[in-house]
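Structures are listed in the sections that come next.
Shared between the two complexes below is chain A, which pairs with chain B and chain C, respectively.
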Partner chain A sequence: MSYETVIGLEVHVELSTASKIFCSCETTFGGEPNTHCCPVCTGLPGALPVLNEQVVDYAIRTCLATHCAITPLTRFDRKNYFYPDLPKAYQISQLHKPIGRNGHLEIETAEGLKKIGIHEIHMEEDAGKLIHDPWEDCTLVDYNRCGVPLLEIVSEPDLRSAEEALIYLEKLRSILQFLGVSDCRMEQGSLRADVNVSVRPVGSQTFGTRTEMKNMNSFKAIGRAIVAEAKRQIDLIEDGKTIKQETRRWDENKDSSFAMRSKEDAMDYRYFPDPDLVAINITPDWIERVRSGLAELPESRRARYIADWQLSEYEAGVLTTHPAIANLFEETATLSGRPKDAASWMLGEFMQAAKEQECEPQDLHMPAQSLATLIARVAEGVVNRNTAKKIFTQILENKVDPDAYIEQNGLRMVSNPDALKDKIAEIIAANPQSIVDYKAGKTKAMGFLVGQVMRAMQGKADPQLLNELLKDALDRA
Partner chain B sequence: MSQTQHPDLGNLDQQGHLTLDPILVKKVARLARLSPNEQELDSLSHELGKILEHFQNIEALETDNVEPTYHPQDLLDSVRPDQVQPSYDQSVFMELTPKHKDGCLMVPRTFE
Partner chain C sequence: MDIYTLSALELGHKIAGREISAPEATQAMLDRITATDQTVKAYLTVVPEQALAQAALIQQRLDNGEQLMPLAGVPMAIKDNISTKGLRTTCGSKMLWDYVPPYNATAADRLLAGGAVLLGKTNLDEFAMGNTTETSYGGITTNPWASDRVPGGSSGGSAAAVAAGEAVYALGSDTGGSIRQPASYCGVTGLKPTYGAVSRFGLVAYGSSLDQIGPLAKTAADCGAILAQIAGPDSKDSTAMPAGRNLDTTALLKSIEPGQSVKGLKIGIPAEYFGEGLQPEVRTAVEAAAAQLAELGATVEPCHLPLVEEGIATYYLIATAEASANLARYDGIQYGFRPTGQAYEDLADFYAQARTEGFGPEVRRRIMLGTFALSSGYYDAYYLKALKVRKLLQQGYREALSRFDLLIGPVAPTTAPKIGTTLSDPLQGYLADIYTVAANLTGLPGLSLPCGFDQIGLPIGVQLIGRAFDEATLVRTGVTYQEATGYHRQSPAL
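Moving on to the complex of A and B:
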C-alpha cells in the first residue's frame, strides 16, 4: 500500500521588539543570567503585566501578510502548567480570541503553486531557559528570555512532504524577516517549530493518529525528522501495530526520535481568561495604519527586479531570500545605476562570503556606497575585475574605502600600451618554449603567458588590452 | 439540577447533593500539585460537588442573547510603548531563592 504524509507546523517566532511583551525589560539575546528581569517577568506577587503596543503592531503585520482575519476584540488567556522555566506557573497566551485566524500562504512546489492554510496566529510570552548542571545534578534557571514576545503561527495540516514543509518554513521566515517583525535567527532559538506528523493510505479522507515533535530549531533537522517519523509510523501500520498519540523528541545525533509523553498523561492546561489584562480593540483605523506602513514583500520585489532591471527569475529569487540582501542590492543598483553588475556581485562574491563566514547576510560589512563605487570603478576601467575582487575582500574584512585603497596601493589598471608592450617583450624573451608551443597551435600557451604578464604587473593590467597586444606580439615573433 | 447534565462528575448523596468522583478530585489535586489524604479527599468531594452544583444552577439560565463577560471592567487597549527600562539587579533574584549558582536559580533536576 502507498501512504501519504500529513504535516502541520506550529511556528514560534520571537518578535524583535526592544522590550518584553508585558514589562520594560530588554529582550537582547544572552547576557548574564537573570539580568533582564523584573517582578513582572519573574512572576513576583502583586506585579501587573501591561501589553507592549509594538507586539500588537507586529502581530497585525503578520496577519495581513498571511491573509488572516483579524479579531477585533483580541484577549489573553492563562495556560497553566508547572515547570521551572515558567515562574508564574502559567504562560500568558491566547486561546479563545487569538489575534488572527483563517489565513494562508502560497508556496511554490514542484507541482506548482499550493495554498497552505493558516489556522491561527496568537501572541504569547516566551519561557525562561533551563540548563542542566551535571556537577550538582540539578537544574539552573535563567529568566532573561522569560516574557520575550512570541507569535505562534499554526498551519492547517496541509503539508504533504518534508520538502513542502521546508518550502513553507522558508517562505514564512522570509516574510517575517521582510516585515521586520523578527530576525528569525534559528541558532539563537528565535524561530522554532513544533512538527505534527501523521500518515494515511493515499486517497483516504480521514487523518491518521498524529505525533508531535516539539521545539525544533533547524530546518535540516525538521526535514530529517519528518521523513524518519513518517517511516516509523508506516512500519508500525505494516506490522499491524497502532500509532500512539504522543510527544516525541528528535535526537539529531542519533537521527531518530523517542517518546516523551503519551496522550494519557497529556497536560491539562486549564486555560481561562487572564484577569490582569484587558481586551485589545483592533479598529479598522489601526489595521489601516499598519497596512500603509507594511514593507514590500519578497514576491513583489522579485517581480519588480525582473520587470524593471531585467534580472532573471533565478537572480531575483536569490536576491529576495533575505531583506539584508535585497536592501543592499537595491541600494547598490540605484547608487551605481548598474543593476546587472550589482546583481552579479551580490550573487557571486557577497553570497560566497556569507557562506564562507557562516553568518547572516546582515552581519557582513558591505556598505552599498562602497560596493557601488567598486562597480563604477570597474565600469570606468579604473581597476579590472580581479583587482576589484581583492578590494571587495578588503571592504569586508578591513572596512576600507575603495577609492582610498586603490590610490594607497597603486591598484589602478594599467592601460598604457607602451608599459604593457615592455612587459610582454620581457616575458616572451624569458619563455621561449611557450612561443614554440603557441606556434604549434597550443592555445594553452597563450593563457600561460597572459598569467605571467599579469603576475609581473601585480594583476593590474587591462586584461582585454593585454590579450590583444600579446596575441599581436606572438604572431609577429 | 439533575446530575444527568454531567453524569461523569460523580453521584448524588443521601441529601441529593452532588459528590464528586474521587478519581476526578485526585486528578485536579495532581494538576495543582496537591496530595490530599483520604479524609481530605472525602471532604473535597463534597465541597467541590457543592460548587459545581452552583454552576449547574447558573447553567440553567437562558444566556443565548447575552454577551459573555470576560472581564469585570470595560477597560480597553491598556498598552505601553516599546521602551526599555532598567531591569532589577541579579542579586535581587538570588536573595529570593533558597539555592543559586552562577547567577542562576537552582531547582531540583527537571526531566524532558
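Moving on to the complex of A and C:
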C-alpha cells in the first residue's frame, strides 16, 4: 500500500523588539546570565505585566502578511505548569482569543502553487534557560530570555512531504525577516519548529494518529525528522501495530526519535484569562497604521528586480532570500546606477563571504556606499576586477574605505603608456626565450609575459592597455 | 493629649503647624507599640530606627519649606503583603518569611514620597486568605477590644494597629472584605476603593481581579486623604485605570472638608443584606445608622439586590482559581522557602515538599480548590459559571446604583468571633464574607464605618457601597455621619 504523509507545523519565533513583552528589559541575545531581568520577568511577588505594544504591532504585521483574520479584542491567558525556567509557574500566552486566525501562505511546489492554511497566530512570552553545571552537578537558571516576546504560528495539516514543509518554513522565515519582526536564527533559538506528523493510505479522507516531534535545531533536521517519523509510522502500520499519540524528541546524532510523553500524561494547563492584563482593542485604525507601514515582501521585490533591472529569475530569487541581502543590493544598485554589476557582486563575492564565514548576511560589514564606490571604480578603470576583489575583502575584514584604501596602497591602475612601455621593455629583455617562443607561434608565451609585467607592476597595470602594448613590442622585436 | 489618639489629618495638621514634630510623633507611636503590641500582636515587623530616621528627614524637609502631603510626618503601618523595598514582606507565610523585596509597591511609594513615616509591617491571614488573622505564620493578632476575639481579616493587623493606637493609619488590601470586615470588628474606618483606582503593583497577588489596596484609619476623612495620595494611574499596572477614568481627586479632597452634607442623597437599603444569621445587635445598629443618615437629609429606601448568597460561591471560585496560579510561583526555586537537608526524588517531589511545608493549611486548601475549578472537565461548570454569575451581579448592582447614590448594609453578619471558632469550621467562616464579596466581584468601592457596639462591647460596622470611582460621595457620607456620631471616637481600654 502507498501512504501519504500529513504534516502540520507549529513555528515559534522570537520577535526582535528592543524590550521584552511585559517589562522594559532588553531582549538582546547573550549577555551575562541574569543581567537582563527585573521583578516582572523574574516573577517576583507583586510584580505585574504591562504589554509592550510593539509586540502587538509585530503580530499584526505577521497576521496581515499571512492573511489572518485579526481578533478585535484579543486577550492573554495563563498557561499553568511548573518548571524551573518558568518563574511564575505560568506562561502568559493566548488560547481563547489569539490575535490571528484562518490565514494562509502560498508556496511554490514542484506541482505548482499550493495554499497552506494558518490555523492561528498567538503571542506569548518565552521562558528562561536551564544550564547544567557538570562540575557542581547542579542546574542553574538564566532568566535573561524570560519574557522575550514570541509568536507561535500554527499551520493547518496541509503539508504532504518534508520538501513541502521546508518550502513552507523557508517562505515563512523570509516573510518574517522581510517584515522585520524576527531575525529567525535557528542556532540562537529565535526560530523553533515543532512538527506534527501522521500518515494515511493514499486516497483516505481521515487523518491517522499524529505524533508531535520536538527538538530539531535546523531545517535539515526538520526534514530528516519528518522522513524518519513517517517511515516509523508506516512500518508500525505494516507490522499491524498501532500508532500512539505522543510527543517525541528528535535526536540529531542518532538520526532517530524517542517518545517523551504520551497523550495520557498530557498536562492539564488550566488555561484561564490573565486578570492582570486587559483585553487589547485592535481598532481598524491600528490595523491600517500597521498596514501602511508594512515592508515590501520578497515576492514583490523579486518582480521589481526582474522588471526594472532586467535581472534573471534566478538572480532575483537569490537576492530576495534575506532582507539584508535585498536591502544591500537595492541600495548598491541605486547608488552605483549599475544594478547588473551590483547583482553580480552580491551573488558572487558577497554570498561567498557569507558562506565562508558561516554567518548571517546582516552580520557582514559591507556598507552599500562602499560597494557602490568599488563598482564605480572598476567601471571607471581605476582598479581592475582582481584588485577590486582584494579591496572587497579589506572592506569586509578591516572596514576600510575603498577610495582611501586605493590611494593609500597605490592601487590605481597604471594606464600611462610610457610607464608600461618601460616595464615591458625590461621584461622582454630579461626573457629572450619567450620572444623566440612567441615568434614560433606559441601563444602561451604572451600570457607568460603579461603575468610577468603585471607582477612587476603589483597588478596595477590596465590589462587591456598592457595587452596592446606588449603585442606591439613583441611584433616589433 | 496622647498623640496616638489623634486622627491622621489632625496629627498631620499639628506637624505642619510645628505643634508636634515628626520625630516626636514617631517616638510616641513607637512607645505605644512597646506598651500594647505584646497583647495585640498587630505587627510582624517594627522598624524603630528606620522610622525615626525617616521622621527626622521629613521634619527637615518640612523645615526647609518643602511641599509635602497633608499627612506628612504621620506614622503609619503597611500590611505585610504590600512590598516595601529592603524591608521583608512575609505575607504572613513561612514561604516568604525571609523574602525582602527589591522594590516598593506603588501605593507605598506614593505615601513615602508624600512624607509618610513607616513604623512597620502588619500581620495578616497567610497570603490574605482568611477573615480572622489566625492563619499567619507569625501568630494570631488579637482584637484590641477583647483579647479573646479575632480582629477580623485578612488586614487584621492593620485594623488592630489603628484601633490600638499603634499606627495612626494603615494600608490594607481587600479581596473579599479584607479591609472592611476587620475595620468593622476593630471599630475603625476602612475603605476599599474601586477596582483600578489604586495600583496593585507590589501588592502580592491573591485574587488579581478582586484585590485592591486601601486605607484603614480612625475617620472617613483620613481614608479620603490617604486614598487621594495613593490613587491614580500607574504605568506598571494595566488594570489601574488611566486618568479620566480614574477617581476625581479634587472631588475626593473636597469631600473630606468639614461641613459636608448628605442632603438629597438617595440611599438604598437592600432587603437581602438583612438575611438569616444576622446578629440582632448588628441589624439594630445598621438600621440606626441608616436612620441617622435619613435624619441628616438623605433619602433611605428599601431595595433588592440579586444573587447576594450566590456571591460567596462565586467569590470563592474566582478568588481561588486566580490564587492557584498567583501562588504557583512559590516553588522554592528562585526565592522563598525551600526544603533543605532533605532528599527529594525528582523535581515534582521537590515542589511538593517546598509547597507542602511552605504553605499553611488554609492556603493549601484554597490552591487546591482553585486548581480544581480550572481543571479540564470542570472549567465550564465552575470557573466559567462563576464568571457568568459575576456578570449578573455586576448588572444587578449597576441597576441598583442607577436608582441610588449609595447602598447601605452591614459589613459582617456578626461582631468579632472568638479566636479558634472560625478555624474549626472553615465553611462557616467563608459565609461571614456574604456582605463584603459583592463589592469585589463588582469592583465597586465600599466604606466600613463604626456604628455601634454589641452587648459585650464589641464594635459593629456599617457598610456603604457606592458607584465606581465615586469614592467622593462615600467619603462625604462617612464624614457627615461621623460629624453627627461618636462611635469612631471610642477607643478600646488597653
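Methods note: the second predicted complex is superposed on the first by the 420 of 477 C-alpha atoms of A that agree within 3 Å, B and C clash if a C-alpha of one lies under 4 Å from a C-alpha of the other, contacts with A are read in each partner's own complex, and residues count from 1 in each chain.
The rule is simple: a contact is a pair of C-beta atoms (placed from the backbone, for glycine too) under 8 Å apart; a residue touches a chain by one contact, two chains touch by 3 or more.
Keep in mind that this is a model prediction, so the values were computed, not measured.
**Student:** Return first, second, both or neither, reflecting whether A:Arg192 touches chain B, chain C, both chains, or no partner chain.
**Tutor:** Neither chain B nor chain C is touched by A:Arg192.
**Student:** May I ask you to decide whether A:Val56 touches chain B, chain C, both, or neither, giving the answer as first, second, both or neither?
**Tutor:** The answer is first: A:Val56 touches chain B but not chain C.
**Student:** Which partner does A:Phe82 contact after superposing on A: first (chain B), second (chain C), both, neither?
**Tutor:** Both chain B and chain C are touched by A:Phe82.
**Student:** A:Tyr90 contacts which: chain B (first), chain C (second), both, neither?
**Tutor:** second
**Student:** Figure out whether A:Cys37 sits in contact with chain B (first) or chain C (second), or with both, or with neither.
**Tutor:** In the superposition, A:Cys37 touches chain B alone.
**Student:** Once the two complexes are aligned on chain A, which partner has more residues of chain A within touching range, chain B or chain C?
**Tutor:** B
**Student:** Go through the superposed model and pick first if A:Gly46 touches only chain B, second if only chain C, both, or neither.
**Tutor:** After superposition on chain A, A:Gly46 lies in contact with chain C alone.
**Student:** Would you sort A:Leu130 into first (chain B), second (chain C), both or neither based on which partner it touches?
**Tutor:** In the superposition, A:Leu130 contacts chain B only.
**Student:** When the two structures are overlaid on chain A, which partner does A:His322 contact: first (chain B), second (chain C), both, or neither?
**Tutor:** neither
**Student:** Which holds for A:Arg248: it touches chain B only (first), chain C only (second), both, or neither?
**Tutor:** Neither partner.
**Student:** Quick check on the output: what are the common chain A residues between the chain B footprint and the chain C footprint?
**Tutor:** Chain A residues touching both partners: 39, 42, 44, 50-51, 80, 82-84, 141, 268, 270, 275, 277-278.
**Student:** In the complex of these two chains, what residues of chain B are touching chain A?
**Tutor:** 27, 31, 33, 70-73, 75-85, 87-90, 93-94, 96, 99, 101-110, 112
**Student:** Would you tell me which residues of chain C are touching chain A in their complex?
**Tutor:** Residue positions touching the partner: 81-83, 89, 91, 96, 99, 101-103, 105, 200-205, 207-209, 235-239, 321-322, 324-325, 328-329, 331, 333-335, 347-348, 351, 371, 374-376, 379, 383.
**Student:** Which bits of chain A are touching chain C when the two form their complex?
**Tutor:** 39, 42-51, 78, 80, 82-84, 87-90, 141, 268, 270-272, 275-278
**Student:** Where on chain A does chain B make contact in their complex?
**Tutor:** Residues 17-19, 24-26, 32-39, 42, 44, 50-56, 75, 80, 82-84, 96, 130-133, 136-143, 260, 268, 270, 273, 275, 277-281 of chain A touch chain B in their complex.
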